[in-house]
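First chain written, first letter: the chains are A, B, C and D, and each begins at residue 1.
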Amino acid sequence: MNTEFEPKILAFVCNWCTYAGADLTGTSRIKYASNVKIVRFPCTGRIDFMLLLKAFANGSDGVIVSGCHPNDCHYTSGNFHARRRWIIFRGLLSFLGIDVRRIQFSWVSAAEGAKWADVVNKTVADVRALGPYTEYRKAAEFLAGNEDVLLKEQEVTP
Amino acid sequence: MNELRSKVKELLGSKEIDLFVGYEQGTRLPRPLIAASAEEADRLIFDENCTGNLAVYLTRRELAGGKKVGIAASYYAMRSISRLLDENQLREGMVKVFGLTPDGGLKLLDAIADVKQHLQEASAPSRQVEDEWVKEIEDMPPAERWKFWTGELSKCFKCYACRAACPMCYCTKCIVEVNRPQWIQPWAATMSNVEWQISRVMHMAGRCADCGACGAACPLGLPVHIIAHKMAEMVRQNFGEPTEKGNVLSTFNPNDEENFIW
Amino acid sequence: MADNIYLPYLATIEKITQEAPGVKTFRLKFKDEEVARSFEFKAGQFGEYSAFGEGECTFCIASSPTRKGYIECTFREAGKVTSALARLEEGQTMGFRGPYGNTFPMDEWKGKSLLFIAGGIALPPMRCVIWNALDTRSSYKDINILYGAKSVADLVYKHELKEWEERTDVNLLTTVDPGGETPEWKGQVGFVPAVLEKMNPASENTIAVVCGPPVMIKFTFPVLDKLGFKPENIYTTLENRMKCGVGKCGRCNVGSKYVCKDGPVFSRAQLEALPAEY
Amino acid sequence: MEQKYIPSKYMPPKYIPKSSLKAWLAKVKDDGRHIYAPVTENGKTNFKRVKSVDEISMEHIQTAQSAKGAVFPRTEKLFSYAGGQQGDVALQDYNPNDIPDTVVFGLHPCDAAAFKSLSGIFSWGAKDRPFDERMKRVTLVGVSCGRSDVFCFCTSVGGHPGSAEGSDILLTAVGNDGYLVEIITDRGQALVEKGADLFEAAAAGVSKEEHLASVPVRFSVEEVQRKMAGSFEDDIWKKQSARCIGCGACAFVCPACACFDIQENAKGNGAGDRIRCWDSCGFSLFTLHTSGHNPRSVQSQRWRQRLLHKLCYMPDRLSVRGCTGCGRCSRACPVDMNLAEHLKEFERLKV
């Protein structure tokens, strides 16, 4: 039996480019890792940063955020706004010690079916190497105030 | 001191201001004083020890709503005032700002242009302690950073003093109080405490005056202002000094640079 | 309920009635047979209703204690929990803990006439008393009901209004706010205080029970004064935000009185002794 | 009006040398009890479950937080459920078996007294099981105050730096070498017996009074309560609360504040926990109705509620005050709302 860790990856993608791109990956019969679950948004500008944190808290080991290339946004500038948000959000997460290697940002157009497969495959490989994201989940499940549990937590944390 | 007191009394007397937000001697340190009468104005003090950001009172509707307010402002409070004006939370002409000159003299700034001018000319008080702290944390390996922050923030009991002390946190309904959907669990727990701080500084991006009031307010002494300071630094590095065009997240530049999007 | 006051009874939703847009009545039956048999409450009491996965909310028990075997609640979809409750279907399970709070002194009222004045979604707390009085009809003299809502559609318990209208031992007057009437509307048009003044009920040996939005209460009290009702003969219920329902969570007090323990039923005389903090 | 120290009625006191104290605590700990004690980290002292008795710090005047978390944790599960709304919801009641026997060591008399205030609230009418179960399993080992600061005002609200009220055992440092040990309850006695050989009989005539901090009486609390009760509509609330910024720091550090919120920790698939967590009357949303109406819509009303609750409503309804003069609220307040100072203003008020 294969006991290798299979990462769970959640992908937040925009409707107009990456989702269509992922569709093309399929219709082009390009094989890629099946670890990804796709959540479709109207635009990368709509992808709230809290969603990424919720993904980790609820079991994701890695996250992909992908949308239209700069200047290609269906709504003109949603991806420019998103890019700004990602720049500081990623920096902030890194500062707090959240492993940003678990988050892959990308631009995948509707024509880039092959690139989507590459993005997913690379992310899955990267996250597989990193292992399950238990640190985050543990912190998320833990009810503070219950000092007994807190101590247990601290004891098992290497 | 006397100059400030007599000036405030004069402005209150002539109804040029309805109240003055300043400092008085507190139990150990200077504390805020909302003066609306001559007797109260006689308790005012203002010196280099008066560093708390009083701009937080300007957006309190029950206190300052519709009133003409004078305020004793530290350098960072002036930054907050300037931003609040940019965000249309204050009206030009409703605020009279009193600053301190480097030699401790009083400086009255009537118009927002004067405040902005002052901010350009005066040098910002040092943030060396915060800078060093940021550096120290950045030098840790990621796992240690995570341990540090979850360790610190697990102590947080969600009194929201960081929010209450912040002049830019003027929303009447905060993201943590929105319950459909409930983005952040309302009780104190490690991850929701971390999420709260992440949300707070994300909402502060490019708006934060970097005054440190959030950290100073924390009754548990958690270094939450360090996260805000790091955010302010990142915004400056990536997007330059903020302009009145809006906070960094509601604007963009087609040439914004990053090195992580594939 | 073991001895954990926060643990609700489980109840099955037997019947759902859509009363008005956004307003539903649930008939609940306790799952535990022993609880179903022994559960007792009195007119005016309230409970905490659980939608598992969403939370708890507070409303009165809208059915009469004279009707055994079930309880009913009527609520408007407004916040997180009421919206979740509104999504439930017949046969599904929710939670209830209670009954909490004091009651209308129905025994003291025996031999007197009763005047009920209700506005909008505030009929439910009164419906409990009305049915209680009607089911023990011989104990009371005249029973008059004045009920007003924003519009015809917003009137709740339409079937029961019809029944009260047809009964000869109770006098019902319904009214809707100006603009809320339909072409078929045969009731009054006007705000409750004005209609009350026109109605001109006798205050002699009469208890007035008033429930409604704060603005209605504010304008109804002076009319009752004019009609000669003494403050100790006017009753209302207060609804403050609550979490525990048992005097611990610290929210619902008005001065030193806790709505969850000392209320929710207050006479106007009692209200006047309280600070204006409700 | 002067609050006098009343010599212990729990005679005869014992004595434990400083060198034996930690040995005794280590025995208590080895017995399987959890010990919460003041620990200093990054310059702040707080109650914490200690892994080793060597962590315990005795140098502080007051911990930032109170010890109330031992019986009223900031976040606590009231019960769990599974199955969601479908026909087969299964409830899992509060489980007290997970609660360890706990010793809170090193709390000051103001904190120990506050456990009485908490008991008053949680025992009013309906019993609160989660609170009771924790109370049953906790032993309070108080330490009299040898030092105080400008924020302390226990003597103004019926307390005393050497008061045994609320403690199961009260230690008082007499000189530099050891502690006078007053055993107040059977629970305290049981704890002493874990290391009975470490305790000695106290020397005859030893008095703890001279070793106690002197905390001046700042106001007459009866007078304050009387005037406060009669000034609901007074302007003083507005004046005092003008600088209050409406955070919950004062309530959360308070040893006697017990207001809470009940929340849902939904885990999906119809399972979840009902959670109780600390809340504060200072928050604007505390009393907000769904309709948008708010009985306490401005900060002055909330400040009034806080003080009246502690000093009028609680004595009136529960026969216990909601303030023990620990001064934590004043130390924690970001804008220096000094409680003793504010209470004193009521004394001067003309009603």
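Going forward, contacts are C-beta pairs under 8 Å (C-beta built on N, C-alpha and C of every residue); 3 or more make two chains touch, one makes a residue touch a chain.
Owing to the predicted nature of the structure, the values given are computational and were not obtained by experimental measurement.
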**Q.** Each chain counted as touching subunit B and subunit C at once
**A.** D
Q: Pick out whichever of the two, C-D or B-D, is joined by more C-beta pairs in contact.
A: C-D
Q) Looking at C-alpha means, what's the farthest chain from subunit A? A) C
Q. If you average the CA atoms of subunit A and of subunit B, how many Å lie between those two points?
A. 33
Q. Cα centroid separation between subunit C and subunit D, in whole Å?
A. 40
**Q.** Centre distance in Å when subunit A and subunit D are each reduced to the mean of their C-alpha atoms
**A.** 45
Q. Among the residues of subunit A, which ones contact at least 2 other chains?
A. 143-145, 150
Q.
Where in subunit B do residues touch two or more of the other chains?
A. 157, 187-189
Q | Where subunit D touches two or more other chains at once, by residue number | A | 74-75, 261, 263, 265, 275, 277
Q) What residues of subunit B sit close enough to touch subunit A in their complex? A) 134, 137-138, 140, 142-151, 154, 157, 183-184, 187-191, 193-195, 198-199, 201-202, 205, 227, 230-231, 234-235, 238-239, 248-250, 252-254, 256, 258, 260-262
Q) Once bound in the complex, which stretches of subunit C touch subunit D? A) 2-8, 10, 12, 50-56, 78-79, 82, 88, 91-95, 213-214, 239-241, 243-244, 246-256, 258, 261, 275, 277-278
Q: Note which residues of subunit B are touching subunit D in the complex, please.
A: 26-29, 31-34, 52, 56-57, 62-63, 155, 157-161, 163-165, 173, 177, 185-189, 213, 216-217, 219-221
Q | subunit B-facing residues of subunit D, complex | A | 42-44, 46, 64-65, 74-75, 150-151, 242-243, 245-249, 251-253, 261, 263, 265, 275, 277-278, 280, 283, 285, 298-300, 330-336, 338, 341
Q) Can you list the residues on subunit D that touch subunit C in the complex? A) 78-79, 81, 83-89, 91, 93-94, 121-122, 124-130, 232-233, 258-264, 266, 270, 272, 274, 276, 279, 281, 286-291, 293, 295-296, 301, 305, 308-309, 312-313, 316-317
